[in-house]
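Each chain gets a letter, A, B, C and D, in the order it is written, and its residues are counted from 1.
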């Protein structure tokens, strides 16, 4: 099992929910970047648990410690390893899940794969907690992309039936992305946000959980990133996004709605806008045939409801091969969507940076970050 | 630009719509497999153009020629290269698209990427025609998977507003998959198929095109294939599926509907069925946290309407930086969904075979194929 | 089994000695390069068989046919597939080698690996013939590197006991490299060349074969290519060079002699030469700790004597598990060293181009090739 | 820059000589292996500095801390991260080397590559210290290979002009390998070892350093590992071995001597030995055409003299572009060959394990380690 993402910039994630620490090794970083630790900290806080009633009550300081790859605060070009200690672990909660696997958790398939040697405590390496080092890596990628004027941002598109105003795909300003990021509950419409919080609270009170959709965008991308077929923008981002636990689907631009459309409706005519080539609908979502067009990259991803719920559920005993009942105690989010927002920004930024390094080379990326 | 898929079994696709030939190099194949050329031929026919009024009138014999990797009809374990000649090419149709790019084709982003050296004739390397060698490779993968009892099959889930009966995700028989494959128009319900054909014909008569959704399944997979995070089943299949031109979205199991569900509704309880561990809803679609559970793998993908339509469209002249009008002549499918069905089976089979080789090793896969 | 080299530019070799054809798919090429087919042809002729008494009498026109990746003579950026037909194949020669494997050929290990399904005719995929498409790919790489002023050249360093004048590692001119390339028998000293030819002829008359050493250099490399540890220049070139059949060792700069030296003798002091930083001995061979210094890259590789000899040899029958005698008929080179010289240039050029693309990006390499 | 080795099992090395810590992330490990920490500790001690007068006086406890990938002492199949703190760092020694680079260190090429942002303290990421986590990973690989009966061992073949008894390539017992490993100074002949120590001591007293050769073997390998061309055993081991700082050359079996031989002399006849197929000379060194034969794998690597010497040396000032003098103080080994011996065993074990997983699959390797 390998938890590595990227080709030019690689992020290799390690750690289990209840191991000594979690972290990442990031290779392929340009040398000479002054790490903006304040930015990284504030970015990681958006994902951190325990901030409000919508999230798990496990409190973790999540203080990243960079053990290599820096000298004097600047990247050296060497592999950067970040370590985040696990401090608040209550492992006894998980006794027994090996034999009576939790529905819709990976307990059972991992049991089969590892012969039962999987670390089930807190979800092990499959825990959402592993997105913390991913956010650390993503924050660095975001900092680098900013040097090129590229901004990545996401908002909660829906929670259950409550929906936010969607992005206007033809016109997404960096300012809008920045504004949404500052919110505790990242929606474009604050009214929609209130309705969503009601949905979450209702689920929590009923010992249940609820899913949602996140919409993510990247603006000011150059045209020409990506390739036809398997090394396209969509392939790369999809492969990254399914690395976020609980994602069940992804769509670009008009997405599944495109399947209901006529060509004359879905096709996205070019026109000259402010002296540049633009398109009228951005139904294509920023990439055609795997290659960026320069229009905003826009995608949405479906997130399933947290599988850990306090209601009693059916399961089996693997050793006895008999049906059983199960009630999950422990701490868990009634809805992970709000905390997942920065994780989407992180993996998207990493995927884009990877494409940028491929296209422009380590040397010119390095030159830029030192400006 | 690299058009390679897979890690243990690799398929490297080459060719442009109007180059001398298209084809693939397939590496990592087990040695000692007797290629079932009849099966491959019949599989490739399902994708071939020119069979009926729903598809492009470009007729190609699409006769694959295996130039390496075989001896006496058996695979040798060496790279297998298949070459398919392009015979029916009318390149003059494409003059002019370089400067006035077709909406929702990759003409413009490829122009930027290659400095205008892209091969625009027939869509070049971005053409749907490149799925022919992919089908060849997929047919071999399907033949190998069959030795393990694994079957992969797909159907047209919808065309525009017309919808087929969906798979019953908890109970998909190899027989159903085989039966649908035999149909000219691969739907589960023949009535639904008729409605879909009406939708396509209407679009065609209006010089337009239409999109749709394909649903694909794989049955009899062992539990334990795939990994958490980035090497999961979903990541791999998504990365493969976005290699099929015109795909705009993918979802597994309950997919985007999961975003509207409560955990108590989406969670998929285990129970003992016929002495084996099964789940009740298969809302998870066959893989949890990146790893197969042994339940049918089920996903759906959205396909956009063919961008080549005969209606006049807006575009620009790149050299003059002015708005222009464009009418596309030439041959094209009013709906590519029917022909795309075997392509989905092909990439899914390749992705699964890759996971199988990873888990069980070249040697044991080889032993099995010689049985 | 996978016969692919490179990361940014990839060459995937296919074919067996007696299959319908051999060839390569080359991905990652910049778009807009006008292929210099005359140069490629002349380069490939240096490797071609049947030119003189020192090489196998199998005559092959070795006419490469580019079936994809070009439009109007320029690279399109798409995968370039080259196919070379096998025309002159006498397969009956090889009957029987499966059960009584030829010493120091890969017959036996391949038999075990493939369960006997390996293609043994002419050495199958392990044949030196597979270096023909490698030379095609290398010639393109050489053409691209020339745009950056980089030249790669090799000479026969020794055949048996006969030795050429070695490169003066601190001062290798592009002119010297060009001059040696023009020779039928590529040595720096023509007298040494004569002695080498005597060695080969003696071996041939005694139904035997003989080995040798090739020395290869690349000049005008920029400093800073490569990385510490596993992605270094030496790792990459060694991994490429061991892809050439019959290579048994490789050494850089002072090489094995460094093991006998003191630090004060081996260390390579910097000094200012013509306003640039240079070193005094180039004992380091152009790369320190995996990274180029800007000095000439110099390495030597040992090539074993051709294993196919007409003298009777001992072997076994695999099926009978008994000792046997074997006499190899057929056509073979008494010494493959002369024909291997361009192959070394080819793989070295590919390795360097890969490092260049990594460092400077596809886009800037593309810009340069269009100048 | 990326310091990752392997495909099926991957080792990603991080850290600089004077960073907070060094370490590795190891992915692809089988689940259910009980880590033998005593074995790992004793293995790592063989490489540790400060043990005697032949090595640097920097003393490091080198206590590896496993922060992930284990549960209850058993591998979980998740990425295993090991962290080794740097405690004894004297960074002031290195001030000034950025502008006046040390001859035959990578100071200068790294300066160019990173724009001067490289971490020069203690050699940064290019330091031999980074082989400590490599040894940790290698010790695990060795533990796994032992389950298959495979043993890897190395000895000092020569130091300067003093030579050890070479391996008898046709007959290397696991017992011999074990016996040499136990020695403080790992030679086969103790007399040769004494002469070598005299060579080292002489170099040290003269403020100089000295190089040497290491010979490494692996026994009880199955036949059939590896592939023709670029994924062969020799390619993989060479790529790994050049990851060890100071390696200047590698040769397999008869190696460079093969270049002086006739085919009749170098060819390695098969014969039946104890009911099994064996070869008479093992001149081929255990692999033919990239694939193991089942005979011992034997290779030798040349190691340059430590570039850090106390004698005054010539160099330049990069900023002033003028010639300068340099005297290196600080702590360094007069000969790194003795401490490098286990590092060769480590990378060889990792390369072989990678080939084994490729051939036999994760699942069967996992089954074996749990026995």
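Points worth noting:
Just so we're on the same page, contacts are C-beta pairs under 8 Å (C-beta built on N, C-alpha and C of every residue); 3 or more make two chains touch, one makes a residue touch a chain.
All figures in this text were calculated on a predicted structure; none of them were measured in a lab.
Common neighbours of subunit B and subunit C under the contact definition above: A, D. Interface comparison, C-D versus A-C: the higher number of contacting C-beta pairs is recorded for C-D. Of all chains, the one whose mean C-alpha position sits at the greatest distance from that of subunit B is D. Annotation: 27 Å between the Cα-based centres of subunit C and subunit D.
With centres set at the average Cα position, the gap from subunit A to subunit C is 45 Å.
Residues of subunit C in contact with two or more other chains: 1-4, 13, 78, 110, 113, 125, 224, 228. Listing the residues of subunit D that touch subunit B in their complex gives 7-8, 78, 224, 228, 357-364.
Here subunit B touches subunit C in the complex through residues 1-4, 10, 12-16, 19-23, 25, 27-28, 31-32, 65-71, 74-81, 83, 113-119, 121, 124-125, 366-367, 370, going by the rule given at the top. Within the complex formed with subunit D, the residues of subunit C that make contact are 1-5, 13, 101, 103-106, 108-110, 112-113, 125-126, 130, 158, 160-161, 203, 206, 208-213, 222-232, 234-236, 238-240, 242-243, 245, 247-272, 275, 277, 279-280, 283-285, 287-294, 302-309, 311, 313-316, 318, 321-323.
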